[in-house]
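Each of the next two complexes has chain A plus one more chain, namely chain B in the first and chain C in the second.
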Partner chain A sequence: MRLKFIEEKIAKGFMIIASLAVFAFVVNIIYTIFRRGIPALNWAMISQIPAGGYYNGGGGGILNAIVGSLYIVLGSTILGLLISIPVVFYLNVYLKKDSRLAYIARLAFDVLFGIPSIVYGAFAFTIMIYLGMHTSLGGGILVITLLIIPIFIRSMDEVAQQLPKDLLDSTYALGATKLETIKVVLRQIAPGIATATLLSVGRAIGDAAGVMFTAGFTDSIPTSLNQPAATLPLSVFFQLSSPNADVQDRAYSAALILIFIVLVISILGRLITNYFSKHKI
Partner chain B sequence: MKSYPYQNPSRATWAEDYSFLNNDINNEDGQAFNKSYLKVKDLNLYIHKAHILKNVNLEIPDKKVTCIIGPSGCGKSTLLKTFNRLIDDTEGIKYEGSILVDDTDIFDKKTEITDIRKKMGLLSQRPCPLPMSIYDNIAFGCKMHGERNRKKLNQIVEEQLKAVGLWEEVKNRLNSPASKLSIGQQQRLCLARGLAVEPEFILADEATSALDPISSKHIEELFVKLKQDYTIILVTHTLRQALRIADHVIFMYLGEVIEAGPADEIFNNPKQELTRKYLEGAFS
Partner chain C sequence: MFSITVFSVLLVVLIGLGLYLKSVPIFEHNSFWHLITSSEWRPGNNQFGFLPFIAGTLWITLIAVILALPIALLSALFLTEFSKSYLKKWVFTALDILAGIPSVVYGVWGTLFIVPWISEKLAPHFVEYSTGYTVLAGGIVLGVMILPLLISLFVEIFSAVPREFRDASLSLGATKWQTSKHVILRKTFPGILAAVALALSRAFGETIAVLMVCGNLPMVPHSLFDSCYPLPALIANNYGEMLSVPLYESALMLAAFLLFIVVFIFNASSRAVIYRIERKFK
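Entry: the complex of A and B
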């Protein structure tokens, strides 16, 4: 057999091994979470807030953390979209292809992308102290928004940069101003917006370090932006820190709930994406 | 008289193929040429330091098909995109001179760029439908210009789809995505979309080069039909196409207009040596 075919076989072998390794890893994580989480999972977990002594094996559930996480994800996703869509639109429609400002802005977003969430948390905490804010739901939403904006912008921008020049030209040729092309642009990059949202939601719901300083933790459900809010990752953390094995198992149930929420959001996201991208050219 | 390749009888089957056009370029009465809507005066265009269009002076006759021909990179498309100022978005662009549409200078600061563009329907090389339904593709422009009445919109959509012969093919699936249409249908949809905002000109930038022969034929037929109501300016690489449908021809070379005039004059009796050589196929 010729050498290049042997090379091909070896390379293909490596690819299969690498793929299997990743797959085995995922299966292992899910298996562990299910094995320890399922027995501890019950209706009270998702329908009640922690009762007294919950972290020492007492009754109750983690509704506080579920609701807190959903509030933060929802709030920061909406805020994030409101801020990043105009940025992406400006970068791709108003600025010319080889604009210096666009280059610098993209570089800045790349840098922001790489900043760990604990740094955002610390930064936001300093500002909150300066403003005299307490740890609160509002603070949590703010810091998570900061965290996901670079994700939003960079992943939408990747798609928006592929906008066909002809498409914009065709729209201008109908007498559209740059602003009036937004309807066309948004529809064309809709799949990008959906992907960006999924990535951001995943990051937002799983972040523990950013919200630790800013949203705090509480056993009750926040009723206003000024009250502290619990989050699922922190709930997992506190339960895992317990010496009590039953409470540790509950941490796995909480992780299971977290994964389930992400899964539901992902599937919903896919459906919505398919709906909006049916017109993409 | 010397025989040019495109006059070679063995190659002249196109004349039979396209006899349906029945619009002999030679039977112009020549009077309409006197009136012209679009005038280019001393136009010079630079991109950074490069001199792209050199001292262009032109008159485009009203309600005729004008073909701009010339070798690649001679500035045909640039000139076309200057007419509706799409060229504005290019980095380092600078122009001198004027282009008069209806005696309004399109470079004038007081002229609203959207008005200019609304007057000029654009048909690009590859069809580029908007990412929306067939219906919305046509209605988009009208809605943008303030038409909200549903009945009126329905009427416009039907009218324009009929004008490009697409109505029968799509009337039962107006709400399906435009991207699902065949490429030839897409190009006709784009034409209809342009017509819906009531332009006076149609600018076509090699509008048939990405299409199959049947679809190109469709588009050519449409141009001939539409010239009753619109002034059509067509950039083309295909000399035969120019020969088939042009009333007026502009030959450009390296950013200059070498020769412009009625089609039969340019094709049968070019005054410039360069034009003659290009038509003979000495260079392309």
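Entry: the complex of A and C
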């Protein structure tokens, strides 16, 4: 056999090994978390807030963190959508294809996308101190909104750039103003919005560094935007730093709950994306 | 709509400026050069040497990229050049899951799997004793975390190479691997560099996972089996007490500012390269 065919075989072998390695990591991570998380998992974990002495092995659960995380994700997703849909619409309908502002804006969102959440957290924290605010649910929602806006805009923009020019022209020909075109554009980028929401919800629920500064941590469920809120990643982190083995086991269960929520969201997201794709031309 | 767009662009400037203004007070007592080359970290005595933290961050980032780059390159080539579409679907699903796993879960996985593995299996061959909470553990966990980002960027870049380039090479009798090696990799080299820069900047800022597996001792690591203390971990661990010690807040904001600047430069330049590649092939 010629040398180049042998080389081809070897190279292909390495590629398959590399791709299998990716699988192996996924399986290993999920298996490890399940194996250590299942034993301490029980109904009290997800239905009760921490009782007194919870972090020393007392009773209770992490309902505070689950609800806190969901509040933050819900609030920031809604805020993020309200801010990013107009921006995407403006970039793609109002600005010309070779506009300087559009180029700079896209570059800026790419940079914002890369900024680590701890930097957002530190920045938001200094502003909150300056304004005399305490750590609160509202602060957490704001910093997570900042964190996910670039994700929203980047992934919606990707879809919006594919919009056929003829489609916009036909709406104008029917007498629609640029603003009225949004009804058509929205329907076309709906799958993009669904994907973007999915991505950012995943990032929002898993972020720990940003909310550490701004949302704080508490054992109760917040009833207003001014109160601090617990979050799941931080709850995992704090329980794991406890010297008590029982509490550490519960950290593994909390991690299991977190990963479960993330997986459910991503499966649901896929179904929703398929559903919204039906209007696409 | 115009004002929202402009405002969100200005956010980049605002963050940079805000962090810089907050970190100014520390320069009144220490020169910038002294701050980043000294390894004395005693906030109570106004001694802020960032060298251990910068060294820790560089070490784990370097290890992460060295580990992840070959795996990412090979599997991205496999996905774009070799594999059947049903295989692609499987690998992409795995990548989606990997990308979606929260960083705190990576941290838990690191403490449950990587750390014991290092301290029980790997380290005894090289050093007398290691807790496992090491530079190497941070590097491995971080490497797995940047895999999905690297692979998806590589796939995007490789797919941008036009079909005709491949056909020309294949019709001259080159095998698929020779085509990948001499045409695809060579044509996309700037793009590969840019993707690595993006992954680097992601790795720089990763906080909670490395905080959990690196050991967090403020010293300059000398081997793979020493503990280290990366910059983001420093900020996350000390924000609570920073208001009680003078200049401490300013020092931590300087750490955040350093992260911001590095990430900003890496991101802006590599994005510019990627834009240019995509436009060239269009």
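Operating definition for what follows: the second predicted complex is superposed on the first by the 268 of 281 C-alpha atoms of A that agree within 3 Å, B and C clash if a C-alpha of one lies under 4 Å from a C-alpha of the other, contacts with A are read in each partner's own complex, and residues count from 1 in each chain.
Here is the rule we use: a residue touches a chain if its C-beta (ideal position, glycine included) is under 8 Å from a C-beta of that chain, and two chains touch if they have at least 3 such contacts.
Because the structure is predicted, anything quoted here is derived from the model rather than measured.
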Chain B and chain C placed together on chain A: clash or fit? fit
Inset, instruction - May I ask you to decide whether A:D110 touches chain B, chain C, both, or neither, giving the answer as first, second, both or neither? - result: second
Next item on the list: Check the residue A:F125 against both partner chains and state whether it touches chain B (first), chain C (second), both, or neither.
Entry: second
Quiz item: Which partner does A:V184 contact after superposing on A: first (chain B), second (chain C), both, neither?
Solution: first
Larger residue footprint on chain A, choosing between chain B and chain C, goes to C
Quick check for you: in the superposed arrangement, does A:K97 touch first (chain B), second (chain C), both or neither?
first
(message) One more residue to check, A:L167. First (chain B), second (chain C), both or neither?
(response) first
(Q) Which partner chains sit in contact with A:P86 here, chain B, chain C, both or neither? Use first/second/both/neither. (A) second
When the two complexes are superposed, chain B comes to within a least CA distance of chain C, in Å, of 18
Listed in rising order, chain B residues that touch chain A in their complex are 84, 86, 89, 91, 114-115, 117-118, 120-122, 124-126, 128-133, 140-141, 144-145, 177-179, 190, 193-194, 197, 203
Within the complex, chain A is touched by chain C residues 1-2, 4-6, 8-9, 11-12, 15, 18-19, 22, 70-75, 77-79, 82-83, 87, 90-91, 94-109, 111-113, 144, 147, 151, 174-178, 180-181, 198, 201-202, 204-208, 212, 232, 235-236, 239, 243, 252-253, 256, 259-260, 263-264, 266-268, 271-272
Note: in the complex, chain A contacts chain B through residues 96-98, 164, 166-167, 169-177, 180, 183-184, 187-188, 278-281
Seen from chain A, its contact residues with chain C in the complex are 4-5, 7-8, 11-12, 14-19, 21-23, 25-26, 28-30, 32-33, 36, 83, 86-87, 89-91, 94, 101, 104-105, 107-120, 122-123, 125-127, 129, 146, 149, 153, 202, 205-209, 212-213, 233-234, 236-237, 240, 251-252, 255, 258-259, 262-263, 266
